[in-house]
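Before anything else, here is the set of structures, which you'll find just below.
In what comes next, subunit A is part of two complexes: it sits with subunit B in the first one and with subunit C in the second one.
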Partner chain A sequence: MDVVRWLRRFWAAVWLTWKEQSNWTKPYIYILYSMITPFFSVLVYAYIYVAIAFFSGLVDLERAYYLVTGVSLYNFIGSGLYGLIWTIHSEREHFRTLKYTYLAFPSLHLYLMARSFFHFILGAIYAFIMFLAGIVLTGYPIDALQPNIMEIAILMILGYIWSSQLGVMVAGTSIFSSEYGPLISEAVGGILFLAGAVLYPVSTLPPFIQPISYIFPMVEWMELMRHALNPAYVVSEPNSLYLILALKTFLYLVISIIYFSIIERLTRRKGYLEATLYH
Partner chain B sequence: MRRRRSLWNKVFRPALGRAYVRIKGGNREPSWVLWEIILPMIMIASVIWAYEHLGAPPIFRGFVILGGAMMSYWYNVLWGMGRTLYWEKETGNLELFLLSDSKLPGLLLGMAFGGMFNTSIRSIAVIIMGVYFFNAEFNIDSLPIALAIFFLTLVALYGLGLGLSGLHIVYGRMGVRINEALDEPIMFLSGQYYPISTFPLLVQYIAGLIPLAVGLDGVRRALLLGEGLDTLYIHVVALAVMMVVFYFLGIRMLNRLVEKGKRDGRLILRWM
Partner chain C sequence: MKPAIETINLVRVFSSPRGEFRALDDVSISVPNGIIYGLLGPNGAGKTTLIRILATLLLPTSGDAYVGGYHVVREAGKVREIINLVSGGERPGYGILTVRENLMYYGQVYGLTWAETRRKIDELDGLLGLSDFLDKRLNRISTGMMQKYALARGLINDPEILFLDEPTLGLDVNNARSIRRVIKRLVETGRIRTILLTSHYMAEVEELCDYVSIIDRGRIIASGTPDDLRRMVEKEIIYDVDIRLRDVDRLKFLPRLDSVIGHTIKTRQLSGEARIRMILSSEDIGTIIRRFEDMGIHVLRVRRSEPSLEDVFLKLVGKGITDEEEKESME
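Up next, the complex of A and B:
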């Protein structure tokens, strides 16, 4: 396997995403523009806590930490996931380049992962900014944080793998439906937000929703990330959580490879790569 | 008489025609409608459970449901006009509209009206589901004043949307990016999930310039706190002023941007 060639292809797709996303503007303008969304996004959710503190005087910094970390870290997963799934929709429906991409790039699966990589990087930057802004806004003591960089890096890699594979499966499904593609992506992102231990623990959910939470590796990932950012945040049996997360990630990888290869074959046979509905 | 007929033909008939397309197009597939109710409901449910986790009083459920329902009008009416216009440009219809005798504000009125109708179906469903699943309670006695404030908000949003939709015509994708960049600040400043009275005073003044923030605050005060016209007249006056000011500013901005588009030859440029 020619690694250099593989990396060059990967880089080309990342570069294309950067150009498309930034609309060929200057990097500093795009960076300034990109700061607006995460900054206000954390204000939107952190103010949920502030509003409660304002009205009832309830101050619970542990819950504030839970809320702020959940909203910030969700950006990493959500940004990558949406970016990946939207690639199919925008390339096929909007720019009508998916069939050319398919001919030019040796693997559509790899192409989607490379296109999403930029979104994951952007999501990581968003998460960092939102985390800092949220911590300051809610008054959580910054000096109490003792982030374990190595652990965070490992979890980011695992997060990229499982969520990009989830994205590949959803994107593959969306090839079959121009009408529902964007809705499917919104729905998956929404379910992760609802059931992924983002704003509240899974136990807050009604019992009939709770099993959905454990289909995705999101809950384990969120809990471990919270612990990695601040060891004072206690998780029960972190080693078991790591094991479950690693197993789920591996499972997602295998299922996504098998599922996407079946999808790809069907897509070629039915000619869906260039089937547009002009919506 | 001739002037009145001309206004009907150039503004209101195209508006009705365009609204019909938007209403028909937006509701022709029942499963889309269902999705468009469920997806915002997921976000609303998440925030309601977040409030429960934080030990908030039950009145916050109503805050969240009304916020989620009304925020949709910002996306679907105000930016919906611009996005639909951009889509018309991409599909090559815009040049036909501009060559025809009908006025662009009429066409945008149709887009706004279609967006209001479609959004209302979804928002009403969201409120009903909110009441059913989360036991949110609303004060029905104040419904007339809430509806009056809501109507004024929509008209003010239309005026604001007139001007902002010009950005989509002239700047294309950059207009879309401006739209996206403004979403979160507006969500925050409008107090989508909490009352704007929790903001510092300066932020409350800034929020007071956004029709959605004033409208949402008025509707919440009426339906959740049971306030009447005696306390909500400030909201009514503020929205009535915004309605007039935004309409005239919006028309001016739209005309200028269309002129610029014509001068720079950008009206029929696609994929930019």
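Up next, the complex of A and C:
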């Protein structure tokens, strides 16, 4: 396999997403916008925390850390996931280029991963800004943080792999429903937000939801990220969590490859690559 | 030597709650290397379905198809490496990008380097004349420019086999002529080895194609070189009759006449004139003219004509291809 050629293709798809996202303005305004948006998002959550703390008189910094890391890190997963699933919709319905992409890019699966890469980078930037702003706004002691950069990098890579595979499976499903495709992506994003240890631990969820939480690698990923950013955040048996996360990521990869190849074949059978059902 | 394209008993059935529609019915064609192969037929005849299958966008219901020797179902990836597709009336790119950016993008997606893609764009500019709109956004260019861009995009990877699906659809006469000139040059210069072109413009197929198959309702009804096909009607008597008439419905009696095998009517809305092309079984034009005059239809000209591919279609199917074709050839 010609790796350089593949990287060139991958890069072209990343560049296209950048153009698609930023075409409405000048690059520096877009970068400014990308930094301001998460800042104002975290303001909402920080305000909720501060308001509750103020009226109840309870200041729980551990809770604040959980909340801030949850909503910040969710941006990384959510942005990439939405971006990937949206690619199918925008290519087929808006630009009507999906069939040309299919002919030009040797693997639609990899193409979707490449197109989502920019969203993951954007999500990482959002997460970083929200995390810093959230920590400052909630009054969490910054000097207590001792981020392990290597661990964070590994977790980001694992996060990119599992969530992009989840995105590929959802995107594949959405090929069959042009009308409801974007809703499917929002539904999956919503489930992850609610059941993925973003705002509250899984143990606090109703018992019938808890098994759903463990279908996704999000719970292990969130917990390990919190621990990697701040070793004072205690997780029980981090090594086991790493192992579970790695296994789930691998499983997601295998399942999405099989699932997407089945979907691809069904799509060709139905002729849905060119079908524009919505507009 | 293996043919560039081959289909064997190809069938494609579309199912819907309203029933089944047989878009391709037992289609077998063989396209040798190095030619422009034309697929001629009216809208809905199955031309685009066949191209979609050959380009690996659609699976056949049954039968086999090979492109460049590769099976379109089992070796779809290999097929995609050696082909490209240009469809008329579409925007095969991103409106938010300029023409140059689109070509740069597709070049790299096909695996070319930045420098190779730039060189290729310069080359394509020389061939197609893109320079006037290379730096315009794709959503701001005219239909003629769009089709030149579409062709440039289709050539960016130097495909061995190029599928052209109605490449001049919706273009004015000058733009259509310029696109046709380029298509011809592509094969003459050996830049593209084989082209499969679909069209419902008779003149286009006659001008460009070395070999033609006529398709109607999913079936190939005749195949051969344009001369072979014309020979099918060399014994027929063909007349063009120009009349002054606005209400075409008054000509509904024509198919009922025993001597009329088939006919087409081309109207000129502005002048209120119409041209009727008729294939007759006997030299009985006098009776028909008298019938026109009895009905008060003013006959302007009567001319005996040489057979064309249009007449082959007319003879085989009993009607012309479409109104659009008629408009174009009259302008």
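Here is the rule we go by: the second predicted complex is superposed on the first by the 275 of 279 C-alpha atoms of A that agree within 3 Å, B and C clash if a C-alpha of one lies under 4 Å from a C-alpha of the other, contacts with A are read in each partner's own complex, and residues count from 1 in each chain.
One rule holds for everything that comes next: contacts are C-beta pairs under 8 Å (C-beta built on N, C-alpha and C of every residue); 3 or more make two chains touch, one makes a residue touch a chain.
A quick note: this is a predicted structure, and the numbers were derived from the prediction, not measured.
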Overlay on subunit A: subunit C relative to subunit B, clash or fit: fit
Dominant contact partner of subunit A by residue count, subunit C or subunit B: B
Subunit B versus subunit C as contact partner of A:23, first or second or both or neither: both
Touching partner for A:106 - first (subunit B), second (subunit C), both, neither: second
First, second, both or neither for A:95, with subunit B first and subunit C second: both
Touched partner set for A:40, first subunit B, second subunit C, both or neither: first
Apex subunit A: angle to the C-alpha centres of subunit B and subunit C, given in degrees as a multiple of 10: 80
Subunit B versus subunit C as contact partner of A:191, first or second or both or neither: first
Partner chain(s) touched by A:11 [first = subunit B, second = subunit C, both, neither]: second
Touched partner set for A:199, first subunit B, second subunit C, both or neither: first
Closest approach of subunit C to subunit B (Cα atoms, Å): 6
Shared subunit A contacts, counted only where both subunit B and subunit C touch the same residue: 23, 95
Sites on subunit C touched by subunit A in the complex: 14, 52, 55-59, 76-77, 80-81, 83-85, 90-97, 101, 105-106, 108-113, 153, 157
Residues on subunit A engaged by subunit B in the complex (per definition of touch): 23, 33, 36-37, 39-41, 43-45, 47-52, 54-56, 58, 60, 63, 67, 95, 179-180, 183, 186-187, 190-191, 193-194, 198-201, 204-205, 278
Subunit B residues within the subunit A interface of the complex: 29, 32, 35, 38-39, 42-43, 45-47, 49-57, 60, 91, 173-174, 177, 180-181, 183-185, 187-188, 192-195, 198, 271
Footprint of subunit C on subunit A - complex, ascending: 2, 5, 8-9, 11-13, 15-16, 19-20, 23, 95-97, 99-106, 265, 268-269, 271, 273-274
